[in-house]
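These are the structures, in structure tokens.
Two complexes come next, and they have one chain in common, chain A, joined by chain B in the first and chain C in the second.
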Partner chain A sequence: MFEARGLMVFYENMLALNNVSLTCGKDRIIGVFGANSAGKSTLMYTLSGIMSDIRTKEEMAGGERITIRGQVIFEGQDISELKPSKRARAGIILCPERRRIFPESTVMENLMIGAYLANSRQTSETLDYVLRIFSPLVRISKRLGGFLSGGEQQMLAIGRALMAQPKLLLLDEPLLGLSPIIQYMLAKSIKEIRDERGTSIIVSEQYARPIMPIIDYGYILENGSAVVDGTNRELMDNPDVKSAYFGS
Partner chain B sequence: MEIIIYGIINSVTLALMALGFTLVYGVSRLPNFAHGALYVLTGYVAWMLMYRVGLYYPIAMVLSLIITGLVGAAMYQFVLVRIRGMAISEIIASYAIGLAILEGLRWGGLKGGTITLPPFVDGSIELIGVSVDYQRLIVVLIGVLLVGLLWLFVNRTKLGLALKGMAQDERAAMTLGIDSDYMAVVAMALGSVLAGIAALVLFPLGSIVVESGYNVLIMAVAVCIVGGLGSWNGAILAAFIIGFAQILTQVYLGAHYQVVVALVAIIVTLISRPSGLFGRQKELEERV
Partner chain C sequence: MSEPAKDRRKERLDRGIKVRTDGIYAISHWTEIAYLLTPRLLFIVGLLLAPVILIPFPYWQRVLSIVCIFALLAISFDFLANYVGLVSLGGALYMGVGGYSAALLNSHFGLPPLVTVPVSTVLGGAICTVLLLPCLPLRGVYFAIVSLMFPLLAGRIIEALDVFGGTDGIMGVDGFSSGWVEQYVLICSVLAAVFILRRMVSEDVGLVFTGVKDNDQAVKASGINITTYKAFGVFISSMLGCLGGACLAHIYMWAGISQFALDFSIIPIAATVVGGGGTLIGSVIGCIILVPISEFLRDFGTLRIAVYAIILTAFIVFKSEGIMMYGTRKYEQFERWVRI
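Up next is the complex of A and B:
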């Protein structure tokens, strides 16, 4: 359903992604693991099209020269050249790194801005769903986005992405900086979203332990290259992966 | 009494002049220095349609607003889109377009105080002992109405919410399927129409002259800087502060200090509080 072939991204001469290929079937959860600067966010930005927008902006401002190579294929169509808004319309929604909540809008307004692509029936249905799986949001629905805790922000960010009716949800480091309890709760919610709505999900994370049990297939990124891949069982049994990502 | 009533009228006038500028800057971080030119253009086009083409006043007004909106959208679509994100170039390019429009109009015969739009309703009324003409009341009425409608538009409609999202975080908005160029075109068209509405209600109070374009631009910039760039609440508050300050100096010092007040307000703001009353220059610290 979704496939990336031979992605290469250069910032000037620095290689940020080196020939990365990945596939995500329907109803799958794919994990992408790697340390800081391994290329996780670059990968997510490339898949969602934000990277080409960054490239255009840098080009216009005479800044860094960014080169993007490779193909992104979604439902049989080559979408490598599509703008981020067009990809979102096709069903690829990125929930970006550090959440990027709209700070001056209330929780409810954040969700309603997220519903830009949804019709009114989808909006009310998804809103009910989001407030059910992330019930803490109900109590704080009138609070401004800038005044939420990290966990609340992350729930809101995922909820807002769901409002945009994703077929493929890209989650970039959703657990960053959260307490272990919230991390496990969110991991459970991510699995529920896949099970109940049939949304395919690609999730990137630095710390693998909470996410590893819910993924179907995973990739390990190191210095921009996908060095190991496999099902979650294979990854968990791999001694290198074990020592690097589970700290044991 | 006079100070209060004329202070309110003057403040709403300033708010009307600044609304479009604030909207465009707030949404797309685009300082539209052709704002004043679009203002004069609307007045001139309405006058042309009325006296040269012979249309009814209301039809001429609506048509002139549509034309101004299209001009604003075209300005973004064909020129400004190529220099997005480079603030200095955006200012220079939009100001150049503004100059071209204004001086083009002057060259095309818009000079002297000869042409003017008629007031919507003639006559005047006594308000608590002060005589106010109907047109000035209409200015206040339309100003309040416009702010209310804009609030509804931005908070209740899908397009308005998308504009609000774009104003806060462009990249986050893009991930949700909101197209930044489309939104900038919408904002420019809407901002131009707002400048046009201001022109149509304010020009009947005087005559249509090229200089008012520069004047409106200075006022809009002053209001936006004092209020904090891109902040609506700030702009309205600043319009009242500057508006009353102008009336006070007019009463106690003399009429020709009006523009000086606006410029002094800019300087004082930049010295004491560079991001303005409600400025967003300093973002909330990001929580990780």
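Up next is the complex of A and C:
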């Protein structure tokens, strides 16, 4: 359903993504793991198309020259040249790193902004669903986004992404800066979303421990290259992955 | 731009001579010394020779003086906006305060221009700093708005209270003893301002300024009083503006409310955008381009502003990095195609 072939991204002369290919079938959760500077965010930006936007901005400001090569294929169509807004209409929704909540809108307004692409029936149905799986949001639905705790913000960010009716949900570091309890709770919710709504999910993370059990297939990024890939069982049994991500 | 081949990309690399001249080895060979000095000398000698070259065109000699005055304002804006982080629209305030103080010193105390210019530079800088002191905790657009209000306020107060000659302004101010003094005072001030500030922003104090711009909370957490540094930054920048204002009063032999005109706030910003923000020299180059263009455009009559706006818009859309950034990159780096 979703496939990226030979993605290469250069920031000026620095190679940020080196020939990364990944596939994501329907109803699957794909994990992308890597340390800081491994290229996770670059990969997510490239898949969602934001990278071409960043490239244009840098070009206009005379900053770094960004080169993007490779193909992104979604439902049999080559979308490599598509703008991020077009990709979102096609159903690829990015839940960005560090959440990017609209701080001066309330929780409910944030969710409604996410529902821009949905019709009213989908909106009310998804809203019910989001408030059910992320029940803490009900109590604080009138509060401003900027005053939420990290965990609440992350729930809101995922909820906002769900409101856009994703076929493929890209979660960029959803566990960043959260306590272990909330990390496991969110990982459980991500799995629920896949099971109950049939959304394909690609999640990038540094903390493999909570995410690894819920994924179907995973890729390990290192310095921009996908060095290891396999099912979650294979990855967990891999001695290198074990020592790097599970500390044993 | 031609569509690049799929398996190639354009690579940017520093020129060998740029890398060699980065270190202290720059003095080991004349080509490296020349590489470093040529652009700087071109700028300095070019400015110093300009009045001589323009001898057949006395009108353009006067335009050169105006260019220099706007260049001082543009340097002051660029320094304050891109190194201290205060976007100031107070160019007109500096201009007016400098102009009025030079005119008053000259007409009331009979001081010659070569005394009033430096005195009103420092005095005006102090007055502007004190005026802006209460606004220093403000950032971004709030500071811009407040600094925009001051020149409007000053103009209206002078008009309403009929002080300092009221709407007529202060007449009978002495001119410079000759056109040469006028031009070389201004050109030397511009050169001194550019090179002193360029040196200053790379010293420790410049580091603190940049810190205040990037993250003032982190600077506060390091035990540095940011208001002091902001005030110092405003003082430097308003001194430059007042210097320009004082010279303008002596050039026109008059100081009036029109010295608080918004042109003095806006054109320097446009010049900084065209020349490249954060480079200091870029803002001077911007003025050298923009001010003569606006003189040429006088032929268009009332369409002048429209043509001017189109040129500015085109610059911002197509080359928003600015001439100086673009030039520096071409001078220091080369490009080539490489296979991926």
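Assume the second predicted complex is superposed on the first by the 248 of 248 C-alpha atoms of A that agree within 3 Å, B and C clash if a C-alpha of one lies under 4 Å from a C-alpha of the other, contacts with A are read in each partner's own complex, and residues count from 1 in each chain.
We adopt the following convention: a contact is a pair of C-beta atoms (placed from the backbone, for glycine too) under 8 Å apart; a residue touches a chain by one contact, two chains touch by 3 or more.
Note that this is a predicted model, so its numbers are computed, not measured.
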item	value
Clash or fit, chain B versus chain C on superposed chain A	clash
Contacts of A:F102 with chain B and chain C, given as first, second, both or neither	first
Of chain B and chain C, the chain that contacts the larger number of chain A residues	B
Partner chain in contact with A:L176 - chain B first, chain C second, else both or neither	first
Contacts of A:A244 with chain B and chain C, given as first, second, both or neither	neither
First (chain B), second (chain C), both or neither touched by A:R89	first
Touching partner for A:M185 - first (chain B), second (chain C), both, neither	neither
First (chain B), second (chain C), both or neither touched by A:V227	neither
First (chain B), second (chain C), both or neither touched by A:R65	second
Candidates 169-177, 205-213 or 313-321 of chain C: the single one with C-alpha clashes against chain B	313-321
Footprint overlap on chain A, where chain B in one structure and chain C in the other make contact	60-61
Touching residues (chain side chain B, partner chain A) in the complex	82-86, 155, 158, 161-162, 164-165, 168-169, 171-180, 182, 280, 283-284, 286-288
Contact footprint of chain C on chain A as seen in their complex	8, 10, 12-13, 60-63, 65, 67, 69
Footprint of chain B on chain A - complex, ascending	48, 50, 53, 57, 60-61, 83-86, 88-89, 93-96, 98, 100-105, 109, 112-117, 146, 148-150, 153, 160-161, 163-164, 176-177
Touching residues on chain C, where the partner in the complex is chain A	6-7, 9-13, 319-322, 325-326, 329, 340
